[in-house]
Every structure is written in structure tokens, then in C-alpha cells.
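Each of the next two complexes has chain A plus one more chain, namely chain B in the first and chain C in the second.
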Partner chain A sequence: MSDPVPSVIDHPGRAASAAPPAPGRSSRLSDRLLAVAFTSPALLLLLAMSVFPLLWALYLSFTDYSATRGGPAAFVGLENYTAILTSAQVRLRALTTLIYVVGAVALQTVLGFSIAYLISRRTHGRGLLTTLFLVPMMLSPVVVGLFWRFMLDAQFGVINSMLGSLGLGQVEWLTRQRTALISLIVVDTWQWTPFIMLIALAGLTAVPKYLYEAASIDRASEWFRFRTITLPLVWPLLLIAVLFRAIEAFRLFDLVYILTSGGPGVSTETLSFHVYKVAFLGFNTGTASAYGILMVVIVIVLTQLYLRYLNKLKED
Partner chain B sequence: MRYPQRTGRLYVPRRKARLATAAVLVATTLAACGGGQDGGAEAGAPKAPATIPELTKDPLTLSFIWFDWPPAHALEDFANAEYAKERSNVTVKVNTVPNANWHDAMFTQFAARKTDFDIPILDSQHIGEAVTNGNILDITDFVQKNIDVKAYNPYLLAAYGQFPQAETGKRDENAKLYGLPLLGDTWTMIYRKDLIGDKPPQTWDEMISVAEKCQADNPGVSGLAFHQANGSDAAAVTYNTVNGVYGGNLWDPKTRKIDGVLNDAAGQEAMEVLVNKMKPLTAKGSGNWFIDEVNAAVAQGKACIAFNWIAASGGLLDPKQSTLGTTREQILDKLGFATLPSQKTNLVPLGGMGMHVSAYSAKANQAEALNFMKWFERPDIQKKWAAAGGVPARTDALESPEFLNAGPFNKVYADSVPRMRDMWNVPEYARLVDIENTNVNAALNGAKQPKAALDDIAREQQGVLDSSGRKGGGGL
Partner chain C sequence: MAVSVGEAVSAGPAGDRTPPARRFGGRGRSVLEVVLLAVLAVVMLFPALWMIETSIKENRDVYAIPAKFFDFTVTMDHFRDVFVASGGTRSALSVSFLNSVVVAGVSTVLATVLGVPAAWAYSRFAVRAKKDQLFFILSTRFMPPVVVVIPIFLMYRQVGLIDTKLGLILIYAAFNVPFTIWMMKGFVDEVPAEYEDAAMLDGYTRLQAFWKFTLPLLLPGIAATAVFALIFSWNEFVFAIFLTSSDTVRTAPPAIAGLIGGTTVDWGLVAAASVVFALPVLVFAYLVRRHLVAGVTLGAVRR
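Let's look at the complex of A and B:
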């Protein structure tokens, strides 16, 4: 005898889940089993490709393991972490990374928001302009690095050629301490300003029109409308874009590798580039793992603080 | 019949899920730990058989790994044309990577204990790292039985195969061999005959003053062009060359002492000459130049005197790549190639690479690799390799008309062989060369004072050698 179908459905969700299996489906294949069967491949993949490597790196970070030397990994406690946190070399790279992150993200935010603001005020050709501005973001950083390397070449590059035709002198973009880091910031800004612009544009488009209409009736100035309507409404979205960009900029590797190789000397070596050297020049896998873990922890802590600020902003 | 009361949320017992996840992680971790320990048991280079095992008759691809430059392409063409005459079932593939990735490309595969190449072409200084980790075969017995060692300059045989490292200019006949020469190389001085005359400068000081005058007399042309980049071994080889010429030493291999040796009076003088006398004669922004950029400057007539590896200089004679003439003869009327000037010594840098056999290659491929090496070192093949644009190592091939007439710089190489000096061939080489590269590059580009840069090199390199047995925190 089959189970009776409930005559009164007081909760649709509950009723749906309480319904018996459809005719023809094996009675052994319950909802739970089916759900596990469908999600387990993705879960296993996640465990194998993300969770396990992270835990494995955590384990290696407490050892002196070297991938090329092989052999059993000897437990060294917190020595790798102590060495990294007390290293003058690491502090120097951290400072370079900080200058780079602050410089690049600030420039991208100002430029990205400005471009988005200007585009949002246009009625014609907005879609085409947005698409054109997005092109740099779609290119591989390695490709971007290579063609900027040619363009910034002091002898044969197009930038110095243009400066020369304007009667200005040659600039050693990639081989001087100050200009090399500025060049990195400029190239990263060229590529990633469109990302900030895109997010800001989404925010600007979502600002209700009636607020501006009300402000117009009150004869509010352009600056007053921007300061009291546009910016406060777009700000939380912009901060999320800044968060994404800051995380990306923090782990910058490819542009440094292609454009400057960390030079001149080590003046443009970021933390990620340094980890690469520790991991693959000396194959000090244990130290490199600790270095990587510390970088992840820093990003997580800063992100949490940032998100709390963002939530507080929303509540206010 | 009862069905669990749920409201759209999947009911999975949390404890079971956690246990299952933990079990999977523990299992995977144990499996990974096991793999690491197996790898460790293989430490130390395994031995190749003295006699070449029976070769397969099935189709086989013999894979090399090298960096992307003209000799790599020349080798693939040459081997497929010549080796196929004897082994028609074998295809030779020379896989190339950018120069900056060369070390990483080989050693990350070695680290995985699995390689997609059979013959890694190692820089002479990589041998120590590969031998210590057991990545390449010990071919001492194979060489004894199959190779006429007396046919070579002893130092060439030692530099491309011996470990521990040989004393400069010598070979220890009792030491083990792990490779055979593939391509010899050294620096050549390339000079503009039309600007400085037919006779090349004989001393380093003379070379600098000639370059200075040439730069002053020819606006738009820089006096010198040489490697300054902080990638690969670019800036390091430049300093090491000047260091050798001015009577300096890179280290004392017996005591493993660098601090106090590299930065002694001779070392300081060499750094002063490089940064304060040579650098001002280079083009603006040349602080990241390596092989290609130096060649471009010469080909475009932008340098009076340049230094580059001989094996990379062939393109300079190609009219399609040069503004110095429309024929090879016209270019040669303007370009001269000479051995490096001497000063306190006549040392020149040892370049080039050897062939080795991957310890992780299939047995059939290892056998084929040994057969290829035996074939390649035959006198007739060495002469053919010379004619095809390669730089052989056998003395008879080096003295042959096939080699000496193949390029205007080949005589430079033959004359330079007795003057060669190598860097350190130790497992820590990659870090030592990085320290030197970054500091010399910093000094050349004004990011550090020359003396401070040299002292930093000596101190940091000494730290690397001293901490090779250290537990934890290595590599920073």
C-alpha cells in the first residue's frame, strides 16, 4: 500500500521534500544519496586541488623540506617563520610591495572612478566606450608586460621616441630605482583601471534617478550632488573593487618577472617574486611554504578588517 | 514509511562529513609523505651502464631541453639530419624554454622525479646541484669504455662533466663524470673595424680608452655594449670576466671562502673599472641588456666594441638582421672578432654546456641517449657539427678547417680554450649567481655603490655556503 499524499499543504518547501520518490526511481536512491553523489565530484576536486595543497604547504612550512633534494622532511618548528619575520630582505620586499599596492590601487581607483563617472554621463556610445576601455583587462599580463617592455625600452622604445620628438630627454624607465617601480605601477594601472571603472560604472548606473531630480528641484550644485548622492551610494561598491585589486596587486608576480626581473638590483622585487626565488632558485620548499602561508594570513587578516569596515559602513 | 522532515536544506550528518573529509586528507597526506620518502632513498647519482644496452627498433623520440637560442635549433636540425642516417627510428626533439626559465624548467621536473626530456643540457655550474640530488646518471664507466678522453682539452672535458669541480685548466682523472661536451663557448670581443681600426685592443685599459675615443668621435654610437641584466647569469658573468682579467678570484674552493677573497683589492679594482670606467661608455638604459640587446646594438651600428657569447654571434653576419651591410662580406668589412684583451691575467669566461642523461627517463631512452652521446663525440660527427654552426670540444675538430672556416669567431674560440675560467660548480650555484647578478646590476644602475655591492655579494654568498646544512629558514 502506498503512502497517503497529504491533503493539506501548509508549507510548500516541506511538502515538496516530504514527497515520495517519483515512480520509476530506485527506492535505494534517496534524496540524500543523490545530493551527495552530485556534489562529491566537485567536493573531491576542491579537496584535492585547493584544500590539500594548502594543508600540505602548512605542514611543509614547519619542515626543512627541499623538493629537489628529496629525502624525509625534518621538523624545524617555527624556525622558518622566525627567519622570515626577522629577515631584513623580507622587510625590504614588503616595503616595495606596500608602495606598489598603495600606488597602483590608489591611481586605478581615481582613474577608474573618473572614467566611469564621465562615461555614465554620456547618453550615446556608452556601450562602445565601455567595451573599448575593457580591452586591456582581457589581455594576458605576460603579453602586456612584453609589449610594455618594448615600449619602455630606453634606446628603441616608442615612449622615449615620442619624448624625443617633443624635445624631452631619454628616460631610463626600467633601469633606474625610482622609474622602474613607477613604470610597474603605470603598466598595472593601464591594465586594471578598467576593472575599477566597470564596478564603479555599475554603481553609478544603479543610483536612483529621482534623487538627482529632487536635487535639481532644490537647485543643488553639481559638486553637492556628487558629494551627497553619487559618492555615498557608489562608495561601498567601489571599496569592494579596491579590495579585489589590492589582493591582486599584493601577489603581483608576472609584470615584475617580465618587465624588470626585480631590478635594478632588487628594488622592484615584490614579496611574490621573492617567494618564487626562494622556492625555485634554492628549492627551499619549507621556507617558501612558510612564506606563502604568511602571505595568505596577511591577506586574510587585512580582508577581514576591511570587510568589517565595509559592514559598518553599510549599517551606518 | 518515514521521510526526513527538511525544508530545502540538505541533511548531511555533520560529524560524518567531517570524519570523511579528515579521512580523505589524512590518506592523501600519507600518500604524499610516502612519495617524498621514496624519492629520498634515491639520493646520489645512479650509474649508467658501461656498455650501451640493446637499442629499441620501435619509433622513439629522444628529447633534449635547452634554452631558446640559435644553437638549440641548429642542434635539432643537425641531429635529425645526421643521427637519423644511423638510427632511422629515432626523432630528435630539442625542447626550448626562455633563458630565464632554463634552470627552473629542468629542476622543477627533477623535483617531480619525472622528466619529459631524456638529455638535459645543463650549464656547467648546474652539474653540482643535479649530481647531489641524483637527477642525472653517473657516466664515468660509460666514458671510460666508449669515449677517447685524450682527444679533448682536459679542462673542457672536466668543465662539462666532472663533479666535484675541477681546478681551473685541469681535469682530475679520478673524479667522476656526469656529462660530455655539447657546445663550447666563450666571450668574443666584437669591434668596429671601420671606427677603431683593424687591430683590436690588446689590453683591457687600452680597450676602454679606444672605446672612449670612438664614442667621442661618433655621436650616437656608444663606446661599449655588454651584459648587464639581473636575469640568468648576465651581469654576474660580466663582473666575473673583469674580475679575472684584473687578477681577482671568485672564491677559494678548498676552504669554501668567498668573503675576503672576492672583495679583496683586485676584486674591488675590477668593480671600480666595471662601474666607473666601462658603464659610462654604454648606451643609456642598457642596464637590462643581455645577449639579444647587445647583438641588436652591434647589428644597428650603435656600439664601437661589444662583448657577447660566440655561440650567439652568428646572427650578426646575417644581412637581414644588420644595418652594417647588405652582404656578409660587407658586414665583415666593418666587424671584427677577437679574443678578450688581457690585463693582469688573460682569463676568459667559460661558457657552453654539456649533455647529461636524466635519471628519470625510460630505460630505452637512456640507452638511446648514451648511444647519441657516443655518436656525437665521434671525430667525423664533431667536424660536421662544427660545419653546421656548432662549437665542438674535441681538439681535432677545433683545429679542423671545417670549424675554423665556418665562422670568423671560431678561431677566437680555439685561441681562448687554454684561457678559460669557470664559476662555482656547487649545489648552491643558482643562489650564488642570483646574489651576484642582482648586486652587480644594482651597482651598474646606480642603486648601490660599487664597494658596497661587492661587499654585499661576498657576505651574502658566504652566508649561502655556510648555511648549506642549516635547518629551517634557508633561501632567504
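Let's look at the complex of A and C:
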């Protein structure tokens, strides 16, 4: 091996040494084989562990199967689906989920973008600041949930202790209906604000400096520059981050499980937590599967939206 | 897209966006911004610091009202309790940490071995409906785990994979393969295909060209990707809690969560276990900081 970069002289040499069509076809054929051989193991694993289970869930969703009762599953048609879609309980969970997703993602976006904007205006210590801000995001939701549960404890939690020393009243963060949902939103915001910040910062640092320079020559105001240069250039990337977070928040289970277990009452019971209760506490596997399939449909719609934006961003 | 976190994270010469004394009052504003940033940083970091502080406090200081911020007695007892049970034997928690190492490690190796060749094939060859395949692959990663776990649970019960490490390894590998393919495809795209073409002109086959010339160039990318897969598996909770139950198989996240099951909670122990659990993740995340944007978006947003 002398030089990895092909020189121009090589090409006529190859063309002369072999009859043109034959090696082309065979090497294309072996390329095809190689592509199949290299992609199929990964695809097979996905088929076995993602697609097959979902198809099974789809089948179960039309039956009254129960994982504990065992026995053969009776076909019940669309009964599970109509039961879910007409249930007032489910509507309440959907509303809880909506409040949680919209509240948490909106807060994260505003906070995350603000922090990113402030960091991007600094000239020194940006690396250190970014690293420090990213810590919450890397922690496991289990650790985050447990720890906030301790901090929000009504009796000896540090948050109430600080409120007390400021002369404010004590709040039962996790044991009152309204505050529990707010606590959930706050904890999720604490953990995922860094995510939005990271992506926004990537967008902000990519804004070409000459645009700002041109604007400052024109004596454009700070706000004008932000509105006409910064925001339009960062917005597409920010939208990706927001959609990504929305999907993740919709799927969220572990934080709810650890922090509130859906309580008090059902005030923090999101859809994904409700699926768990139906499947693993009520053992109505058929109903839970129908429920799961409906959630998957929502996730697929959101994912399609996300991927479409991503594609647009990549093509630009 | 020419977005670089490397630029944002490594405190390089960050340009001269603010020339000195550009405008009257600019300095006051700058001070205000620094103060605001400092306050936000304290708020964001406080819970993590409080966790570390709780892990080295004596029990009566842990439950002190009002909370003690500075004047507490330092002890390493909680950390000892994480690893050593009361009888001097190995604690259930330390076993779960070992299980986590095995499960996260093996599933990461499996995802890498399956994902890297696939990523290379998707990058180099004209695969039919390539875009659709790639989108399908990524969308499997977005499935709600609590939904997927229902049929997986039934499936594992049929084949005897419930409460085994192999079961967890397989599901984590399946969960990391889409990420590995997307992340690695970006890295492969950056290596010019001409290197392989040149090697093939020299008589190597395509496979040899990949193995001898492309793969060595991909190693840093593979390392970064594997580290992210490792973090995802290490932190995973939903599959772990539903698919395993015995102490000998259980990984650390459900084991730590199990500490709050009883009537009284030893928060010092919870904090110490959380610190031990989170420390490797933070170290690893720091190592791959240049690839964080791609990593946390599952390889979808490139640098």
C-alpha cells in the first residue's frame, strides 16, 4: 500500500486490464451481498425484539387475554378500543399527560434557550459552564426521582426547610393533588432543561458572526438582531429539540413511578403510568395492549413529524 | 449544518463578539448576565451537591430540621453500607452494581458488533428504500418502554428469559442498535469512500478494505458511540424492574429504587448509592462531551 488516494493514472490502467462489464457487475453483486450480510443481523434483532412484540400486542389488543389467568384468549373484536376511547378515566389521564407534557416542555424550552443565550454571550468559561449545566441530564431518572423525593419531603426535605427559614409556609409537595403535578413538572424541567440548552447552544454558536457584524454596522438594536438573525437561524434546531422532548415526556414512566407513583389519588397518573397499572396491577393484558397500541400510534405520529423536520433541516 | 459543540464546550478562543466598552452601560448589563448565569447554575447544581452532601452526613444530620448546610459531621459509613452488608458480607447493592456492569457491558458490545457494520453498509451502499429503513430503525427506539415491556414479558415467560441477565442484555442491545446505527452512520459518512476504492484498486476486496482502512479510522467514533450506549443501558429502569426480580439478577437502578420500599427510608444510604451509581456516568459523559449533541439526540442531529 503506497498511497491511499487514487491517482489519475490508475484509471486507464484498470480499464485496460479487465473487460469493463464483468468486474463491474460482480463487484456490484458482492456489494449487495455484503450490504445484506451487514444490515440483516441488526434488522433481525429489531424484528425480534421490537416489531414482533408490537404485533403480538396488536393481536392481544383484540382479545380478553389476562397474563395471570392464563388459558386461551377469546376474541373480542374492537371492544377494548371502544372501552378505552369512551372511558372518562382515560380522558382524565390524557388531560394529565397533556398538562405535564406541555408544561414541562414549555418551561424547559424557555429556560434552556435563555441559559444557552446567556452562555453564548460569554467569552470566557463557556466550556466549564456548559459542562456544569449538563450534569442533571446525564443522571438516571431513578436517581433524579429518588433525590427530589427526599428534597421535597414535607417533613425534613431541604426545600421546605429553606422555605421555612425564609419565613414562608410549608408545602406538601408530593402529597397534595395540585402541587404533585407541579412537582413532577419542576423535576422534569430540572433534568431536561440542559438538553434544550445543549441543542440551542449548538445552534447559537453556528450563527455566522458576520451577520451580527453587519447588523451592528447598521446600528440595529439588540432586540432587532435577536429577532431577525438569532431566532430564525436557531429555530429549526430548537424545534427538533422540542419535538424530541415532547416524545420523551409522553413516554415517561420511571420518574412518575419513583416520585409519586401516580398519586395522590390519580393526580399525577400519566397515560404511560396508567398502562402499567392496567397491565401489571389489574392484569387486563388485552385492554393494556389496546391501550399500548393507541400510545404507539401517537408516538409514531410524533416521530414522523420529528423525522420530517429533521430531514428538512438536513437538506438545507 | 455546521454545528459544533466542540466549539461550545471546549473553551477555545470564543471570538470577539463583545469588543471592550462597546457601548455605555454595556458593562452593567454584562455583570447582570453573569449574576443571572451564576444563580441559574447554583439552582441547577444544588440538587446534585445536596445529594453528595447527604451521602457523607451522619444520620441525625440527614434528618435535621432545619437542614444543615455546612456544620455536619462527615462520615463514610453510607458508602461502606453500599458495598458491605451488616454481616461483613457483600451487600445486595454491590451485587446489583456488578450485574449492571455485566448487563450494560455485554449489551453494548452486542449493539456495537451489530450496529457498526450495518451503519457502514447504510453509508456506503445503495440499499433499497434506504431512507425508509433508517427511519424505521430510529422509530423503534421511540416506542414507549412501558408498552413494549408487556409483550416482551409474555415472550420471555414463554422462552424462559424472565429474570435472567441474558433477557436484559438482549432487550438493551435491541434498544441500542438503532442509536448505534444512526450515530455511526454519521461517523462513516465522514470517512471518504475513496479510501476504500483506492484499496480495492490495489487488489483488496471490499470487506478487506473496510476492515483494514475504514475501521481503524472509525475507532474514535465507535468508542464515543459505545460510551453512549453504555450510559443508556446503565441508566435504564423500566425493563429492568419488570423483567427481573431476584437479587442475583437485578441491576442497580431497580435495586436503588427498592431502598425506599420500606416504612423508614435510609436516605443517607440512598444518597451514597446514587453517588456511586451516577459517578461513572458523569465521567463517561465528560469523555464524550464533544459528541453530546449527536449522542443525546440518538445520532439524529449531527455536529
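The definition used in the following text is that the second predicted complex is superposed on the first by the 267 of 316 C-alpha atoms of A that agree within 3 Å, B and C clash if a C-alpha of one lies under 4 Å from a C-alpha of the other, contacts with A are read in each partner's own complex, and residues count from 1 in each chain.
Quick note on the criterion: a residue touches a chain if its C-beta (ideal position, glycine included) is under 8 Å from a C-beta of that chain, and two chains touch if they have at least 3 such contacts.
All values derive from a computational prediction rather than experimental measurement.
> For the overlaid complexes, name the partner, chain B or chain C, with more touching residues on chain A.
More residues of chain A are touched by C.
> Have a look at where A:L174 lands relative to chain B and chain C in the superposition and call it first, second, both or neither.
Touch status of A:L174: first partner only.
> Quick check for you: in the superposed arrangement, does A:W56 touch first (chain B), second (chain C), both or neither?
Both partners, chain B and chain C.
> Let me test your reading of the model: by the given contact rule, A:A35 touches which partner, first (chain B), second (chain C), both or neither?
A:A35 contacts both chain B and chain C.
> Using the touch definition from the top, say if A:G286 reaches chain B (first), chain C (second), both or neither.
Once the two structures are laid over each other on A, A:G286 reaches chain B alone.
> Which residues of chain A are in contact with chain B in one complex and with chain C in the other?
Touching chain B in the first complex and chain C in the second, residues 3, 14, 32, 35, 48, 51-52, 56, 67, 155-156, 257, 279-280, 288 of chain A appear in both lists.
> Any idea which chain A residues touch chain B in the complex?
The touching residues are 3, 11, 13-14, 16-20, 32, 35-36, 44, 47-48, 51-52, 55-56, 59, 64-65, 67-74, 76-77, 79-80, 82-84, 87, 89-90, 153-156, 160, 170, 172-177, 257, 260-267, 277-284, 286-288.
> Where on chain B does chain A make contact in their complex?
On the chain B side, the touching residues are 1, 3-8, 10-12, 21, 24-25, 28-29, 32, 36-37, 39-40, 42-43, 100, 103-104, 107-108, 110-111, 113, 129, 132-135, 229-231, 283-288, 296-297, 302, 428, 430-431, 434, 438-439, 441-448, 464, 471-476.
> Once bound in the complex, which stretches of chain A touch chain C?
It is residues 1, 3-6, 10, 14, 27, 30-32, 34-35, 38-39, 41-43, 45-46, 48-54, 56-57, 60, 67, 111, 115, 118-151, 155-156, 158, 161-162, 164-165, 190, 193-195, 198-199, 201-203, 205-206, 209, 212, 237, 240-241, 244, 247, 250-251, 253-254, 257-258, 272-273, 275-276, 279-280, 285, 288-289, 291-293, 295-296, 299-300, 302-304, 307, 310, 313-314, 316 of chain A that touch chain C.
> Under the touch definition given earlier, write down the residues of chain C that touch chain A in their complex.
Residues in contact with chain A: 1-5, 7-12, 14-18, 33-34, 36-37, 40-41, 44-45, 47-48, 50-51, 54, 62-67, 114-115, 117-118, 120-122, 124-125, 127, 133, 135, 137-140, 142-148, 150-155, 170-171, 173-175, 177-178, 181, 194-195, 197-202, 205-207, 213, 231, 234-235, 237-238, 241-242, 253-254, 256-257, 259-260, 265, 267, 270-271, 274, 277-278, 281-282, 285-286, 289, 292-293, 296-297, 300-301, 303.
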